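For clarity, chains are labelled A, B, C and D in written order, and residue numbers in each chain start from 1.
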Amino acid sequence: MRCAVLQFPGSNGDIDALEALRSFENVTAELVWHQEKSLDSFEFILLPGGFSYGDYLRCGAIARFSPIMQAVQKAAASGTLILGICNGFQILCEAGLLPGTLIRNRNLLFRCEERLVRVETSDSPFTKKISSGSVLHLPIAHGEGCYFAKEETLQELHDKDQVLLRYATSKGEITKDANPNGSCENIAGICNQKRNVFGLMPHPERACDELLGSTDGRMIFESILDHVHHGAGTSL
Amino acid sequence: MSSLSSSPQLTPSILAEQHGLSSEEYQKILSLLGREPNREEIGVFSVMWSEHCSYKNSRLELKKFPTTGSKVLVKAGEENAGVIDIGDGWAVAFKIESHNHPSAVEPFQGAATGVGGIIRDIFTMGARPVFLLNSLRFGPISGDSLRARDNRQLFSGVVAGIGHYGNSIGVPTIGGEVYFDPSYNGNPLVNAFCLGVLKHEQIARGAAKGIGNPIFYVGAETGRDGLAGAAFASRELTEESKADRPAVQVGDPFREKLLLEACLELLASGCVAGIQDMGAAGLTCSTCETASRGGTGVEIDLDLVPKRSADLTSYELLLSESQERMLVIVHQGEEATVQRIFEKWELPYGLIGRVTDDGKMKVKRGKDLVVDIPARTLADEAPLYQREAATWKAPAPLDLTTVAECDPIIVLHQLLAHPSIASKQWIWRQYDHTVQTGTVVPPGSDAAVFYVREANKFLAATSDCNAIYCSLDPHEGAKIAVAEAARNLACSGAVPIGATDNLNFGNPHKPESFYELRAAVEGISEGCRAFDIPVTGGNVSLYNESQLASIDPTPTVALVGLIEKREQITTQFFKEPGDVIFLLGELGSELGGSHYLLASHGRKEGLPPRVDFEYEKAIHKQLLSLIRAGLVRSAHDCSEGGLAVALAEACFGDSNKAEVKLFGACIDLGKKGIRDDVALFNESQSRIIFSTKAQQVEQVEQELQASGLPFTRLGSVTKETILSIQLDEKEYSWSTEILHQSWFKAIPHLMQA
Amino acid sequence: MKVRITIMPQAAVLDPAGVATAHALEHLGLHGVSSLRIGKLIELDIEGATEEELHQACRDLLSNPVMEDYCLEVIS
Amino acid sequence: MKVRITIMPQAAVLDPAGVATAHALEHLGLHGVSSLRIGKLIELDIEGATEEELHQACRDLLSNPVMEDYCLEVIS
């Protein structure tokens, strides 16, 4: 799988993502500077975490005007898999590739810790190798990760089965305590209607190595790999 | 040369006095220059000869530190930060730095720019910053008084500021320390530590080498930020200085991230002859220091400096402390490389001058010569003072009969809920400690452990200082700071390789304060010599006084260690029911300066515990040998709150996890014949509790017996969440769930008020 | 041209900072707060741009139409 | 009482968000920006407070007098 990890001024999860990807077999991954204009040669595009343009104004607001984002739009339209992690998720929302928006955590404090997320559906290229209802241990690290969307949008997310991850308890219950940031309906990650663009606040790339306490992030990348190599056909 | 003629009544000597230069210092300037200085030159001398830049009151003391060693690649004082070899061609650069006064004025920005400053110090060395620590002190945060509210605001502002800068730039904050004590009312301490990693051949030098080489200014435009800030940091904090508004600098971590990447890219290109960050005293300090180090001169033109507004005066440009700026000297002919890289990273830059051969710092504004001073006189010929030190009076030893024996059941709750002992997760949860995917042991255990993937090395780091001990006995307190830091490293499986220290003291003109400074330096030196740890650099922050009094002497020690193998990484948390718990070291009995005395009796007195380095070292060596033999599942030292607190903390699992594990422990201390409160809460040094698998107990006991060191088999880890301690005939027991609540919720509760 | 742009969160959108600030005001003894919203104020000096271009910038960049309303005033 | 409070960074104080936003506008083709500052706008509905109390709250809580200036307007 040929992967691009986009690098915006202020990205800081770019190297983490690159290394996580390279820990899989049959993967090549490279950094792509935000001034580049084409992503045609890649099968998978990752928008990493960080503070693009300092996250000034609004998270992701300035990055979405980077030249590379036109190539991202084009890739999204053509069905290429695109993953936005944390700041990458915020950029995808600002760019209109995902609905809704991410605002400041309800208690206004940055939060860095491990959290549990429930996989809502296996019916996506990003979760196809994970049975729905499984609970993953993933680190979060954000100050503006409260997912917000209007009623109609939330309804549509439900109707089209676009919510892929929710903050949950170890038993998979969706509770207020399990929600670290006040996200609507405990939403931690969503995809678009075509199901090829996925944004999430937790950091799967920080959970790919035993040393770091969890390898649950690998399942997301394995799903992506499987999808790219075997196509949409295979599932659980 | 401009003169002061415009205002006849303002003679240079009056102006010098207004800049805090003494009359002897002014005379020295006259003889160095052979003429009267102008306004700009007085400004330049005043900042370069301030305590902050010149260490004029402390340098003679600092010479006492051991600074050499076979692993030292760059020694303390040579450059912005020391560099230590970690093997296989890799090295680490690290340093601690204070931002106390700016944080008192504006906690968020003061702390943020402190982090920014220390990160620049590290990448100036050519190293990629990989983690941060922070050492903090505030006045008490409990209660409804105005003071407590102020302290809470300072505390939350500082933590948010540190988080803001570190999180944005993507350098994880993986550890630190914080204490709350009335001596810090109105004068909080904010010390930030950064460590970076580099290959030996990547070490960059802050020297202006190569006559004719171009000098570039890169990074943020200069504004009026922190004008006179360097001088400001060397004065006492008064009500007036709070109105010193221009001294507030705003940090821009985004700019710094770009500057960091651009500088590392530039350094990798091989075209850099010298590089220096602009910290305190900005342009002035960086130009004369690089010239002095290079044995050269520099000539720059202020018209070419990128500016926020065109009307900045020469004086302002020279003394501004705007953040996120660097001075880079490149080899002739490489101008285009600089241009390409800085344009890629969208950073302002300017070719502002050249390296010269006349040893002078010459500053022009267009055609006018504004400053003409021999560079060495500024950087290396600052006056040095030997201040008067008071003679020390040892405090009276504690008379135990005056200490009512409190119920241990209540005391343990009190101690665990004391903000200085309670869980600090409220703090580090606001710090991104997982970015860069190297944090193997996150904050919450004795020392943090970071994996440097490219070098395949495991680094451990900790910072420590019990200032109560230091206030009672600065020399012993400083020794303990080193011993405790080394012990924390040992508990994580690491061997110390280098130290950096931050000396936070009051006004050095007060003989008591100067004594404290000297005693602390000597204590740290003894400790570092004993452990064979070179001091690679540090920072001195004097004049830490509020309207009330000086702070408790606070010589913070940060140690960096190496862990040989992945399997040797150890944490303080019990791992499994049935594991057997040992105490390595004595049960102890020293109560002077203890947190028990403070939290339960409101007393800060007595003689603090003593440390014997030979014994302490033997304990660490023994623990490490057990760890290397694979016999240790957890290790935790006894520090504030003594044995009982250490046992409780070991029962609480890693709180960064989504599901926090809690254990209990069943402990029998046997017949001791000392008071229960003394047995449980004394703070004698050199003690470690560790756990081992039941099957390995015999082997452990054999090894310990052979070592001749004191040890006790305390009991075992239980699934049931009860901590029970048998002492003589009595048994005390606590629910670890409730203890955990007291400990975990203490700071969040206070901060919600 | 001097321009002032105000950007406010829409009524239906959560405003955590606004809620927290209202609470903090209560702690100060100001109890009667019935609504408090925090937005942004941008003051801009610009030459050579038309008002329409500025509106465009407000929609595209300065505000997020999904959750914010903006108002642009030319001051001089 | 409806109140509007505007809070702006003081002129001498660096405004990193303003700088970054000005850059972004340039990238959008609006080149003539000579100054851009971002502040806060607070809209407040409150009963039973005096104007003086509100000024006090502005100084103590809503603005940071060390680096910001505020302006309070009673709208109705």
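Here is the rule we use: a residue touches a chain if its C-beta (ideal position, glycine included) is under 8 Å from a C-beta of that chain, and two chains touch if they have at least 3 such contacts.
Quick caveat: nothing in here was measured; it's all calculated off a predicted structure.
Interface comparison, A-D against A-C: more C-beta pairs in contact at A-C. As a whole-number value, the distance joining the C-alpha centres of chain A and chain D reads 34 Å. Centre-to-centre spacing of chain A and chain C amounts to 29 Å, using the average Cα coordinate of each chain. Distance between chain centres (mean CA atoms), chain B to chain D: 35 Å. Taking each chain's centre as the mean of its C-alpha atoms, chain C lies 10 Å from chain D.
In chain A, the residues that touch at least two other chains are 53-54, 56-57, 61-62, 65.
Of all residues in chain C, those that touch two or more other chains are 60-62. Residue positions of chain B touching 2 or more other chains, listed in rising order: 252, 254-255, 346.
Looking at which chains touch one another, you get A-B, A-C, A-D, B-D, C-D. By the touch criterion given at the top, residues 57-58, 61-62, 65, 94, 100-101, 103-108, 146, 148, 150-151, 182 of chain A touch chain C in their complex.
Across the interface of their complex, chain A is touched by residues 12-14, 16-17, 20, 60-62, 64, 66-67 of chain C.
Residues of chain D touching chain C in their complex: 6-8, 18, 21, 24-25, 28-49, 53-54, 56-57, 60-62. The residues of chain A lying in touch with chain B in their complex are 9-10, 12-13, 15-16, 19-20, 49-51, 53-56, 109-116, 137, 139, 141, 143, 170, 203, 205-206, 208-209, 211-213. Interface residues of chain A facing chain D in the complex, by the touch rule stated above, are 53-54, 56-57, 61-62, 65.
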